[in-house]
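Two complexes come next, and they have one chain in common, chain A, joined by chain B in the first and chain C in the second.
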Partner chain A sequence: MSIKRVLYKSIVGKPLRSFALLFICIVMSAAVYGGAVISVSLQNGIDSLEQRLGADIIVLPESASEKVKLENILLQGTPGYFYMDKDIANKLAAINGVDKLSAQYFLVSANAECCTVQVQIIGFDEDTDFSVKPWLREAYSGKLGKNEIVVGSDLSTRVGHSLTLYGVECKAVGKLETTGTGLDTAIYAGSDTVRGLIKAAESKGISVLSKQDPADVISSVYIKVKDGYDIDEVTASINLGIDGVQAVRTKSMITGTADKLSVISGSVRLLITAVWLLSAVIMLIVFTVLINERKREFAVLRAVGFSRRRLAAQVLLGSLVICFVGAVLGIGICTAVVFPFSRLIERKAGLPLLTPDALTAAGYAFAALAAVTVTGPLASAYSAYRLSRIDTGRILREGD
Partner chain B sequence: MKRTIIGIAEGVVALVLTIGAFTFFKACGEHDGKFMACHWAQNAVILAGIVLTALALVRIVFPDEKIKTGLSIGVFALSVSVIFIPGTVINLCMMESMACRSTFKPAVIVVSAVLAAITLADVIAGFVKAKKTQ
Partner chain C sequence: MIITARNISKSYKRKGISGEVQVLCSTDIDLESGKVCLINGRSGSGKSTLLNILSGLLCASGGTVHYDSTDVYKLSDTELSLLRCRQTGYIPQVQSAVGTLTVRENILLPSAVIGKGKDRFAADGLLERFGLTELADARPGSLSGGELRRLSIARAFVNSPQAIFADEPTNDLDDENSRLVFEQLRKAADGGAAVVIVSHDRLAQEYADVVYCMQQGSLSREKGRI
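Moving on, here comes the complex of A and B:
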């Protein structure tokens, strides 16, 4: 009888035992692979958000509930708008240490044409902008004309198609790469387009502004601080010097999310280690018990001509096969859950989540496969060693 | 025995697709008395799910192995088609964050793919068995 046949019989002949071992391997590989992918996706999300904000300070009207509301817009895509007087930009330019500044305009669409859902519209000044354009160029290199928009990756609108906002036909000229943040559900347009949309909203009886003219308001100001100036000091100068506004340091806005993220990543890493260690210990115990249970079976195999080395190889190969199949299944299940449902996970976690590309994910899958596949033979190595030293005659004589 | 277990698995997964499509992974609901595009995708999936469940049940009941294989080929083809209903054949809502895109579409794709994989295994097992009996 070949070693392959004995191996097949030992796995299929004891389905419950094989399934239990397989289950441990599935859990282990799912924890190692899934944990690593989730952890790196969260890190990618926060990195992309940091890159895209591109400013040192963001100034908002005090009425905008400080940074919380903007954080919701940026991280979770919760639509919102707030306005302050346009003159504030001139006051900010006079603050010592301000290098560049650019105003942005927020607006929330009425229910977009296809679905009853509101979309965040972000307008920026084409001439002064330094925070949106650098990454907007990935999708569109030209200058955004009147009623031309660039859409976030989460919107189904295709390039060249139009989207009707407040009755105004806006043409999508570009589509952005995924960031895993609330910015993916937003529409970007020039300031003239947003002002036109505010007017269109008012003509439809939707009051966005209280009394002001759309040309006299802005929503936020993005500031780049001059080299050599302390960002915290400039932030404090704005908060002390200008009434009715709240200056927020971009980094501090992200810090809260980054802190939450580091706690989650730490927990995930701890979970991976704990599951891996626990599974390895369980396997070690299971294989030790199994060898004791299968002593007679191995003694019979010895009696029919199997060498000690061949018996040990069979134990190692058996654990290798089960661990490999379990790891493949675990990684497969995890891939089928984490990647297609990444938006749902992001929504539930309230954190930016940007899944790694296929090549990186394949790297993690290979690492998890190797880690789990090696664990089985390592856990069964001691049992294989003991097996190679069994006294066949004594076991067969004892009968039980 | 093995093919009966596979048949029961087919029936259970088809039932999960049918019930799930209007319960735990349903598309976006009615809003202001208006149904969105994804509602029709959901209806199409439910209808296909009912047909799949019925075929899977008939497949369990029929004793003839060749008819079982034939029915499994039908279930396989239909479950592969269901994968393309949300988003490709019938449009879904505008934003990825909406229930139809974040939950309904991936769930339908995963469950249909699982069903397709099971039925493919069943079809292969059917052909192997037929070859052996010949």
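Moving on, here comes the complex of A and C:
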């Protein structure tokens, strides 16, 4: 028999006590790790969205906000569409300070046609686009031909397979990486393809346009401002100069969400700290209360030749082991919940969530593991001190 | 091993009473390999206190304890603990089993401390000698007082110590078991250990080479000579 066994038995021999401590550690580590992952996922989501939009200003028809906000389409994947006259693009080009501009076309798939949910279809202009193509290239390097599409990561369609939209067979030629935003449930296509789809929808009796010809409409225009021009001023002059449209500064659109996000991640951080502190205090109390219960056991160990140091080590190691096991379990449980259900959490929270890659997640897991594991010895330090300094003679006189 | 205690005094602070209570005053005692030394005396006279001081568990207020030429209370706690564990066996006056370990593991406990890594069978001989074989894998919680007593005696033997300190080892035992215990202690002495027994048991007299009586904080010899 070894001393390790004495320690092991002191843990498993008191299942209730050990389990209570273990439970605290599981809760603590799940909170610390889960909270950290959720808060970086939120930050990642917003960052990737900002990067992907790539435009300084987005112009939409004025009526758009009454239907579905662009924000919702982009962030939460709420499908929607709106149109304005194609002419507007020309008017925008004439505005002082506009460098590049490119139109996009929105459409929504018909219910239960290709996918279990309605899917946002986003068409872009192959010739002028600067916002979609740069990152679309990660998935597909060629030029998108007629009826060729690139699908978001959340759609089940695989590359090479086809998808039927309004009776038109579209071939998926690429699949995008996860962004954690509404873009993950979208389909991207060239503008010709989308115009064709709008027509196909009409021939099926699903009218998305009132009178116009699909060739005469656009949904939104992405604008890049010339260097040296103030984006806010350009936005203002668009809003003043062109009727029937609203220009939104991309940043301010995201800022609303970013503000919400910083509040959330701030409270998550506060919550993590509170849970950690609370658990540490509970553990401190538990260990202190246990001193009396363990006195006799330690007096016996002392009597058979344990040094004070060894007695203290016995307490510290015991708490270290429990906290380590608890942390591993807590982090494991958390990983099993947060990662697979991040989509659900995202939808419920209405915020983009981009879970960190395995390496980053492992880093956080390790940090949480360390934070929880050291809490045990910290919380039991006083108890270890007291138990290593017991008056063996007196305790072993006191009888049972 | 020769244990020499000189000028041992001990006083305790007592809760509720101002000042200190002098329990031992200037006591000398010599213990020697091969001898069984018996200490008796009234309850509360300080026998356990002296035994604890001799065994290295309790630091005296004054005086010295030498194991051969080692002044034990000059050692660091770690050194003294190791020395106690290697060379002495201590049988406390009260029940003293670790509840989470089995009887066998309790007996092996001192061997674990010195890292000898004795396997479970090392306890078999002791289990048999003290009639605990059938209880080897039981938890102490299910043992009778006498069984627990024999457990803590068996435990004191596990590292083949050179000195054994037994504080009322036959407290919960019947005559037959008391004899068994005294015989084992006698045997240990005959095998070269220095044995000290604190006991009121009349039987103990039969096995002792030297008998002391504790009175008013010091020892007086009643029988035998060293």
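Observations on the model:
One rule holds for everything that comes next: the second predicted complex is superposed on the first by the 389 of 400 C-alpha atoms of A that agree within 3 Å, B and C clash if a C-alpha of one lies under 4 Å from a C-alpha of the other, contacts with A are read in each partner's own complex, and residues count from 1 in each chain.
One rule holds for everything that comes next: a contact is a pair of C-beta atoms (placed from the backbone, for glycine too) under 8 Å apart; a residue touches a chain by one contact, two chains touch by 3 or more.
What you see is a predicted model, and the numbers here were worked out from it, not measured in a lab.
In the superposed model, more residues of chain A are touched by C than by the other of chain B and chain C. Applying the stated contact rule after C-alpha superposition, one finds that A:Arg389 touches neither chain B nor chain C.
Of the two partner chains, chain B is the only one that A:Pro340 touches; chain C does not reach it.
In the superposition on chain A, A:Asp184 makes contact with chain B only, while chain C stays out of contact range.
In the superposition on chain A, A:Arg158 makes contact with neither chain B nor chain C.
The touching residues of chain A, when paired with chain B in their complex, are 77, 112, 114-117, 119, 153-157, 184-185, 336-337, 340-341, 343-344, 346-347. Every residue of chain A that touches chain C in the complex is listed here, in rising order: 1-3, 5-6, 9-10, 12-14, 296-297, 299-310, 392-393, 396-400.
On chain C, the positions that touch chain A within their shared complex are 48-49, 52, 57-58, 77-78, 80-82, 84-86, 90, 92-101, 105, 108-115, 117-120, 155. Within the complex, the chain B residues that touch chain A are 28, 31-32, 34, 36-37, 91-98, 101-103, 105-107, 109-110, 113.
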